[in-house]
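The structure follows.
Labels run A, B and C following the written order; every chain starts at residue 1.
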Amino acid sequence: MLRSLRLKRLLQFNGKTLYNVSRLLRSEPTKLTTVESENESEAKLEKKSMSKAMKAYLERAQAHDEFMKQQNYEFQIGKRHLANMMGENPETFTQDDVDRAIEYLFPSGLYEKRARPIMKPPEEVFPKRKAAEFDETGRPHHFLFYTGKSNYFNLLYDIVEHINNLNKYEDSMLNKNSYPDPNTKLQLDGYQWMDKEALENVLIEKIIDKEYTNFVNAIERLYNHPYSYRIKEFILKYRKPLMSQKSTSDLPKLQYDSDGRSYVTVYECLRKRARGHVTIRAPGSGIISINGKDLMYFEDTQPREQVIFPLIFTKMLNKVDVEAYVEGGGPSGQAGAIRWGISWGLRSFVDDKIIESMRIAGLLTRDYRTRERKKPGQAGARRKFTWKKR
Amino acid sequence: MFKKPRYIFRYNKNPKSLITSFQCLTTAALPTERIDSFRCVINNPLEQNEGHIGQFYRVPEDVVSKLFSQGGLPKSFRIQTKTFAETCLMIRKPSIDIINCIKNLDFSKPVPRFVLYGQKGVGKSLSLAHIVHYGYEAGFLLVHIPWLGEWMRRPKDSSPSETKEGYTNINLDIASWLVHFKNQNSLLLEKANLKTTQTYKWTKREETVANSNLMDLVDHGINRIKFASDCVLALLNEIKQLSKSGKCKTLVAIDGFNAFFYPETRIRTEKKEIVHPHNVSVTEGFLSLTRFDWKNAVAVLIVDELAIAEKDQTSYFPRYLLGKDGFEHLDPFIPVLVNGYSNKEFLSCMNYYRERRWVQPLPGLDDELSVISSSNPYKLMQLCAPL
Amino acid sequence: MALNLMKNSIKMNTFSKLQVRSSSGSSEPQFRVLNLKVTKSKPAPRRQPKKFDTAPPRAHQMPTDQNWGNVWPGPRSFHPATVPLPVRQGYGEKQAPPSKYANAELMKIPNFLHLTPPVIKRQCDALRKFCTPWPKELSTDENCEKHFPLETTTSSYCYSSPSIRNSLARIVTLRIKLSHLPLDQHAKDKFRRLVGDRYDENTDYVTIVADRCPTSKQNFDYCMYLLTAVFHESWNVEPWESKKTLEDMEYYDWTKNQSCKSLESMFEVPFDKIEHGKEFSEAVSNLMNNGENLQTLKTYGDTVRKLLGLSKEI
């Protein structure tokens, strides 16, 4: 009771922005007692000097609050206006309705979707600000504040601490003459370490490539520790699945044509400059038609092999019929597009095990590589003109 | 399915001995059901029928040297036969179809003309080779041009004709064709008493008198290359007369027949003008043999995209390849389609290759090859070469 | 573990210092200015840029239940003070999207502020009393086409340039199905030759486009004139038309061709007395007129076999 009262007073001069201080007090009960024991008089606390940085921050924060309030008000009024314009009830006008109405009133075909007109609540529009990292006297909360990247170095610190703990545990186990069981070793094969950007988002700090490598090295070492299964949760926080394995619900549903045969059509099969769509029908007898011709559409052997590879891989060569339409690009691009289309469509006809092996074989991966443009002042994309001294 | 053969095959330097050893093994050691799979026991085309379609039969070496030493088998196939140490032809539907028709033919009626057509590499020339072999066994006089494109697209020489104004001779090619003709028909010409009906005067001193042997005419063309074209015209005329009078039966087989109607040859006059095929002196003779106005004969012709320039190879159908003139010249003819391998033929071919140790028996090989080659025999041959 | 302990101790330390400071600090030290020149007078204040008084945006005074159609009655480019919506357009890496004020992008894009659903409804209601019911006889497309086979297309243009005339409005397209015109075989053939590529074989439509006159009325008259002239001309038979050769024929007539002659010379009787002769003529015409494919060639081959008395294909 007393404590909360004190706290209130502490926060009196600006109840809102100093929540950081309160957080500090809450998280460190020992400190709180110190404050209580040493700061007996309230007057002293009020008179307490404030750093200039803190003062400036408080002013800024207040102005921001005002601004946000104003924006919020405008948004609410605007929403009512919009509902009125569209002839709908402003009380039940949701954000979805707002988006739809804006799209109707300001139709924009701009390629970049972010560049189109929007009307969103101010919380979404304005970027979030970082709260104060220091207290009213200008003293930082975090012990690694002066490294400039407190969260990052704290993470490294934690990793090392975990390694030390595990080593200690290993020593004690060795003393008891027990060795780590290789079966219980942590196995996270389908995962990879969080990439740099994701890590930055977690840390709310920008890190450089070298720092990211340091992080990977450290956590790799932790992961390879024979007792790393004891801190699985910690490790899993920084590991994410390699490729989202498509669940069966993602697969396109089989459709049925007038003959009662099931079929699946894959649209937008792209490779290089080739575009096409592929229809797979089952049961079939292995008839492959490409733009109305048979496999002879491709004059060379290589593209033909490309086309039938997924069928051979899944052993479906004589069980399905394939109908493909493709345009643009050359034979190799067209064959690649059809190959991807066939593999993508075949997922609906084979079981999960084969889908997984197809994924590992790289059949389900889109090949995004395209021709690199020629550069001015160069002979080609990368090739330079023959260098002549004069 | 194919079972592992029970005999041991070894590449032998002497193909004869190999064949004999193979022959006795097939006939003696193997049971009859075994032979049904892909090898035909009947090597005589006279006795083959629809039941043998898809099987391979062996052409005896002496017959091969007699019939096809100067051409008639495509080069890539010849190389393969050398590797396999035997000449095996597959009995296929189009050739059996035509042979059936010839067997039941009423020879007193006008000459029927068969036109084989199909995509590149489906085996038109080998079907023709089969028919020529049949004609040889059945005692036909063979007038066989192995590849007309050779004359029209890659002539060895050209000279203006002396006897006919405005015509061009390709004597070297014609002389070598006379050798081919002589090879193919030597037995028949000796046996049958074929005499010329009129006297041909070549120069003041040289002449072929009437009622002399047909062979003299041929020999004259071979010895005096200058008169080869005129000799051929005379010879073809004589053959037509003899057939009409019923003294012999004739089989006209021309590969790449549409080259006679494709206006751009690569033969040039002395003024470097392109010669139209109708202005090549021998054309007239061969065209007259492919008309219907005679009897005791059969014409089997191939229209092929490869016989014309590459820029015009857009369709393999006979009306397109022959053009208006060619179509009217042949009409009414019997178009016979040559397709790629059927499933049975494909399997038989793969089994043959395996028996020759040409491809390795791998699982799933047949399916993949049949799809990649689209059952095109030539493509299949190419694909199997490195396997 | 040791490091962790240290971490705690550091925190303790910082806090004890804080105590010291807070207890000792009485007033905030002022920042002293170093005055080297010892100037007494104050520096002249900077001139402030003059601010003009402008009225607040009109949108601020709008009631939320106003009639928007009256505020924004016609098409007009975006105006931030009149539109009471906090719309934004554009994006940046760190800052918020630019607001509607002084945002040229919002003025560039088209808007439908004059055609909101209530306004459309109101306009439709106003127009409804001038509408008549659709004739029952023209309920289906087939009926429309049957009763009105001639189709003309013109385009009207409406836009906010200084001139209200658009030169594209003069173009008139006339379309009619050839089967709707009463033509016999000769006239039809001649008609097709006269119109050339204006006839589409797949859809059977004749399309005439006129754009040579300055107004659409004149162009329409010209289209009608063309159609009439071509129609009547196609019915005329000129004396030179009898000189048509085989090369000029638009289709293959077997009886006039070499094929018929060679068949007759082969059998030495007129073609109508030959067995299977009719079948053969049909097969050849089919082959020539419909183009050769596997099917037509097969029928041709089969009839020739019958004609020559050969055994059938296996």
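Definition applied: a residue touches a chain if its C-beta (ideal position, glycine included) is under 8 Å from a C-beta of that chain, and two chains touch if they have at least 3 such contacts.
The chain list, named the UniProt way, goes like this: A = Small ribosomal subunit protein uS9m; B = Small ribosomal subunit protein mS29; C = 28S ribosomal protein S35, mitochondrial.
Computed from a predicted model, the values in this text were never measured in an experiment.
The chain closest to the protein's centre is C, with centres computed as averages of CA atoms. Here the largest set of C-beta contact pairs joins the chains A-C.
One simple way to say how far apart two chains are is to compare their mean CA positions; for chain A and chain C this gives 38 Å. Distance between chain A and chain B, defined via averaged C-alpha coordinates, is recorded as 70 Å. Averaging Cα coordinates per chain places chain B and chain C 59 Å apart. Residues of chain B touching chain C in their complex: 50, 93, 96-97, 100-101, 104-106, 109-110, 112, 117, 292-293, 317-320, 328, 331-337.
Those residues of chain C that touch chain B in the complex are listed here as 257-259, 262-263, 265-266, 280, 284, 287-288, 292-294, 297-298, 300-301, 304-305, 307-311, 313-314.
Residue ranges of chain A in contact with chain B, taken from their complex: 286, 288, 294-296, 301, 304-305, 308, 312, 317-318. Within the complex formed with chain C, the residues of chain A that make contact are 28, 30-31, 34-35, 38-39, 44-45, 47-50, 71, 74-75, 77-78, 80-82, 84-87, 90, 102, 104-108, 112, 114-120, 125-127, 135, 137, 139, 143, 157, 160-161, 164-165. Across the interface of their complex, chain A is touched by residues 1, 3-4, 7, 10-12, 14-19, 21-23, 25-28, 59, 62, 64-66, 68, 78, 84-91, 94-97, 105-106, 109-113, 116-118, 121 of chain C.
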